[in-house]
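Below are two complexes that have chain A in common, paired first with chain B and then with chain C.
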Partner chain A sequence: MTTTTDQRVPVTVITGFLGAGKTTLVNRILREEHGKRIAVIENEFGEVGIDDALVLDAEEEIFEMNNGCICCTVRGDLIRILSALMRRRDRFDQILIETTGLADPAPVAQTFFVDDEIRDQLRLDAIVTVIDAAHVLDHLNEVKPEGVENEAVEQVAFADRMILNKVDLVSPERLADVEGRLRAINVAADIVRTENANVDLDRILDVGAFDLQRVLAEDPAFLEQSDHQHDQSVTSVSIQVDGEVVVDRLNAWLGELLSTKGVDIFRSKGILAIAGEGNQYVFQGVHMLFDGTEGRPWRSDETRTNKMVFIGRNLDRRELETGFLACLEPAK
Partner chain B sequence: MSSAPVTSRDWRVEVDDGVAALSAAEDGRVAVAGAEGSLSLISAGGELHCRQVVSTGCLAAAWSPDGNRVAVGTVDGVLIVDPAGTVIAEHPGGWCSSVAWSPDGTRLAAGVGRSVVVLDAAGTEIFRGGRSSTVAAVAWVNRRVASAAYGGVHLHHASNTAPRDQMPFTGSLLALSVSPDRKWIATGNQDATLHIWRLGRGGNELSMSGYPRKISALAFSPDSTMLASGGGSDVTVWDFTGRGPRGSTPRVLRGHEEAVVAVAWSRRGGLLAGAASDGSVAVWHPARARPGRPESAIDSMRRDSPAAALCWDGLGRLLVGWSDSTVVARPIGGAG
Partner chain C sequence: MSGFVIPGGAASPGRVPVEHVRRLKLIVRSVWQLDEDAPVMVQQLACSEPDCPPVETIVADLGPPRRTWKFAKPAAEIGDEELVTALNDHPGGIDHDDHD
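Our next item is the complex of A and B:
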């Protein structure tokens, strides 16, 4: 664990259904005067071509990896292209990956856990999902055949930031319905309302969404819970409890949980107070893979509150709570 | 651009591009493929006589055995140039990270996107075989072409009628080496394993695990007795004398602190060089190493930038390229 500043280049993944406004957002990022040198990896043809930006095309290649005892999928095209990008002398300040409308975000995110060269040099900063306010409910409600994932639900579940676009095309009531539905799936991601994908770039670029500090620390929505106790559909379960975490118990519990339920748990994130540690412990996971780092120091005037969120299918809130509480030191 | 030749045998040249790949002709001429798309041609004495941008990114380079052509793999296909740098043939169509001339120099094999392409010396396409994912590496096995990609190694007969042999593997293959005696095919894999097939013996294959990182550097020695592999900060050398490396303890060559990115045997095979992402380059005498006991380098170099590529020429010199655009030629005693 280290407290030095992360020198790795941030990578923003932009997902969203066809027509939601992904390309508009990418063009906006490239045209804005931010002085950053940006490389874009596109999985479908977009109309970009801007000075100081390198645009690379990639065709999605999903590789199944036998990673020790677990199986996961990664994106072979991204490993190849990102590796070549890192050999250039011109350092990029930011890398954008624009996926296709039907892409599964899991292999993209897992690539950043699995490939050692990418892990060393790049940091997955945030998964930004662009959502068409007028059509998203139709996509979310679409009934898929048994065993086929609803990509719109996955893209919402995986998001660290949701760009709720085209809000000018729907009524305030409809917008409230949409936001409620998005929140029921993913309680941890910030929702940013936009017209024409016009968003303050500070809210989506180099936001450290994976360090979760702001989202989990400040967002009151985090405490809102859906009514479902045990739900077939994709939901979020958040846990907030004061106390000191015993690290061995945490590792045993999380390891067991993610290896047995990791298929259904799309994302997991947390900021924890480890017994005897002055710094926060920040972890985040994608399906069965998870990674923890040391966060900022706990302030002396701050309660050592553990915050966690799980996003996935068939989540059992009680089981998750009981499991986590057993990781805490007995109260003194 | 500047060059600082010390002597005609020992020189350093800046190519104004991060080095992606290097190839030396027998007589010491050097082709340097740059990560930002340049191709530089350097004389044996260290004069940079031709530099041109041929792509938005180069990935591979290879001099033909007769020294009359250079093949270059880029992010968008393969091209062939003559020794003056004039483009003779161009085949766009996808990612090309591997090019290989047949031993007699009459054919060029290349992975281009999800295809294995074979060109004749004039650059005319004479064979194309499809793979279901992007080809990572190609190599010749007599008159056949081996290709490594996600899903395994295929052996193509380079004629459109003959069926290919398939050696399936569940996972992503990154590097490929065929023993010069054509008995073995080895691949370095994304899942940090080495996989080895005995050619012509169905079902005879073995897998080596325990590497700390993915294996992207791999090379059989010219006499086929040793296989050098990256996959961490050490170079691991497996013994292929007798019945092969099954159950054996490998030699371990030490000299790097970070991931090994390239290994290359001197032309006669006495020395092995390794390059790593910490900028270090080391040279060992592998036959002197004892299995299980880490062996130190007999020579080394270092720059404050990742080393990216290395090769030997026919004059006993080691050529090294770094990501900061530096290329060095250095005579190494005992090579040749």
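Our next item is the complex of A and C:
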């Protein structure tokens, strides 16, 4: 989604459970000398008291376009605020959105997919989830009534970066357990350990994480799999296979997959080798909404390898692998 | 190469025509005399949820107050006159269930 010529304003979404350290992180971002002018959209005014900081108040307004289906839900308040912000484009370089602890990340992310005017001017750079190392397992394990989502699980599933905060409050063994659990849900996101939300801002701002380009290129953990084959819980399935993708087959498969199972597939991302194309194709989706763009050129000595990851509920690894393999040109 | 992946894939009525969508937005802003950058959304949806039609287009003036007009057809098939009529006949918004 991001390229060196991309002039769109990067947007970072900070999410995380109550008390995880989101506001501490936002305050750190605003106070640190990084030379960037940041506009902040908050659900409620916090204790941010930075001179010249552009801080706007958002009142979470879920816009269910279609009968409450999560796939068709965006944040009406954000669309309004972002539209207004762009009139003051000369006053900031970057936008930060801090969600409430109980916010569902899906409508926030989908807001950046649905509208061409927003897509033209803004790019979702990363969803950063702040996690309380001491309490996250309790939140993840909390059994919700049927039909009620576990927000903590969703926030981990949607993350491009996980800020594992308060690591000083847990033992190394507990920390290993926590990271293992986080990885089982989301294999594609970097985990950054922090105390007091003290994170190198280069790890979370303007990182192009949402397009997965750098993550898939550099992350050796990509192919680490959980043992689940058909799991009711939220997990990741990653696919890596050499070959050339036939566009029509990909469209047929992906379209059918996301339109029928988009409710359960929270995130889908990938870098693909399209038959006959010299550049990578970078693909990303949130539930049933998806988009793709040209990535960097394939190098002449580089194997054309396709990498995809799906994060969601009820994922059937075999079905996903079989479906994707059928999109490839037969080996010559 | 952008747009290789067609939203909705095989089940989709096709790519959403950007210029047409922008034209529909202009009509909404014009009819309601909104600012040229007032938040107006035109979104085509292909959803398989039981209560959703296979394809529909949502036209929304995000206000406040927010008003939506729903059409049980692809965005490309919504004509200028049809949209103007819907806006004028249903200034508070319209659901496709009662739009015929």
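Things to note:
Here is the rule we go by: the second predicted complex is superposed on the first by the 318 of 332 C-alpha atoms of A that agree within 3 Å, B and C clash if a C-alpha of one lies under 4 Å from a C-alpha of the other, contacts with A are read in each partner's own complex, and residues count from 1 in each chain.
FYI, a residue touches a chain if its C-beta (ideal position, glycine included) is under 8 Å from a C-beta of that chain, and two chains touch if they have at least 3 such contacts.
Computed from a prediction, not measured in an experiment: that's the story for all the values here.
Model built by superposing both complexes on chain A: chain B and chain C clash. Of the two partner chains placed by superposition, only chain C is touched by A:C72; chain B is not. In the superposition on chain A, no contact is made by A:A39 with either chain B or chain C. Applying the stated contact rule after C-alpha superposition, one finds that A:L258 touches chain C and leaves chain B untouched. In the superposed model, more residues of chain A are touched by C than by the other of chain B and chain C. By the touch criterion defined above, A:R80 lies against chain B and chain C together after alignment on the C-alpha atoms of chain A. Of the two partner chains placed by superposition, only chain C is touched by A:F283; chain B is not. When both complexes are overlaid on chain A, the residue A:A273 reaches neither chain B nor chain C.
Of the two partner chains, neither chain B nor chain C is touched by A:L122. In the superposition on chain A, contact is made by A:F63 with both chain B and chain C.
In the superposition on chain A, A:V26 makes contact with neither chain B nor chain C. Overlaid on A, the two complexes show chain B and chain C touching the same residues of chain A, namely 61, 63, 65-67, 76, 79-80, 87, 115-117.
Listing the residues of chain A that touch chain B in their complex gives 54, 56, 61, 63-67, 74, 76-77, 79-80, 84, 87-90, 115-117.
Residues 61, 63, 65-69, 71-72, 76, 79-80, 83, 86-87, 114-117, 247, 250-260, 262-263, 274, 277, 279, 281, 283, 288-294 of chain A are the ones that touch chain C when the two sit in their complex.
Against chain A, in their complex, chain B makes its touches with residues 17-18, 20, 35-36, 56-57, 59, 75, 95, 97, 133-134, 150, 170-172, 190-191, 213-214, 259, 306, 308, 323-325. Residues 1-12, 18, 21-22, 25, 37-39, 41, 43, 45-49, 51-52, 56, 58, 60, 62-64, 66, 68 of chain C are the ones touching chain A in the complex.
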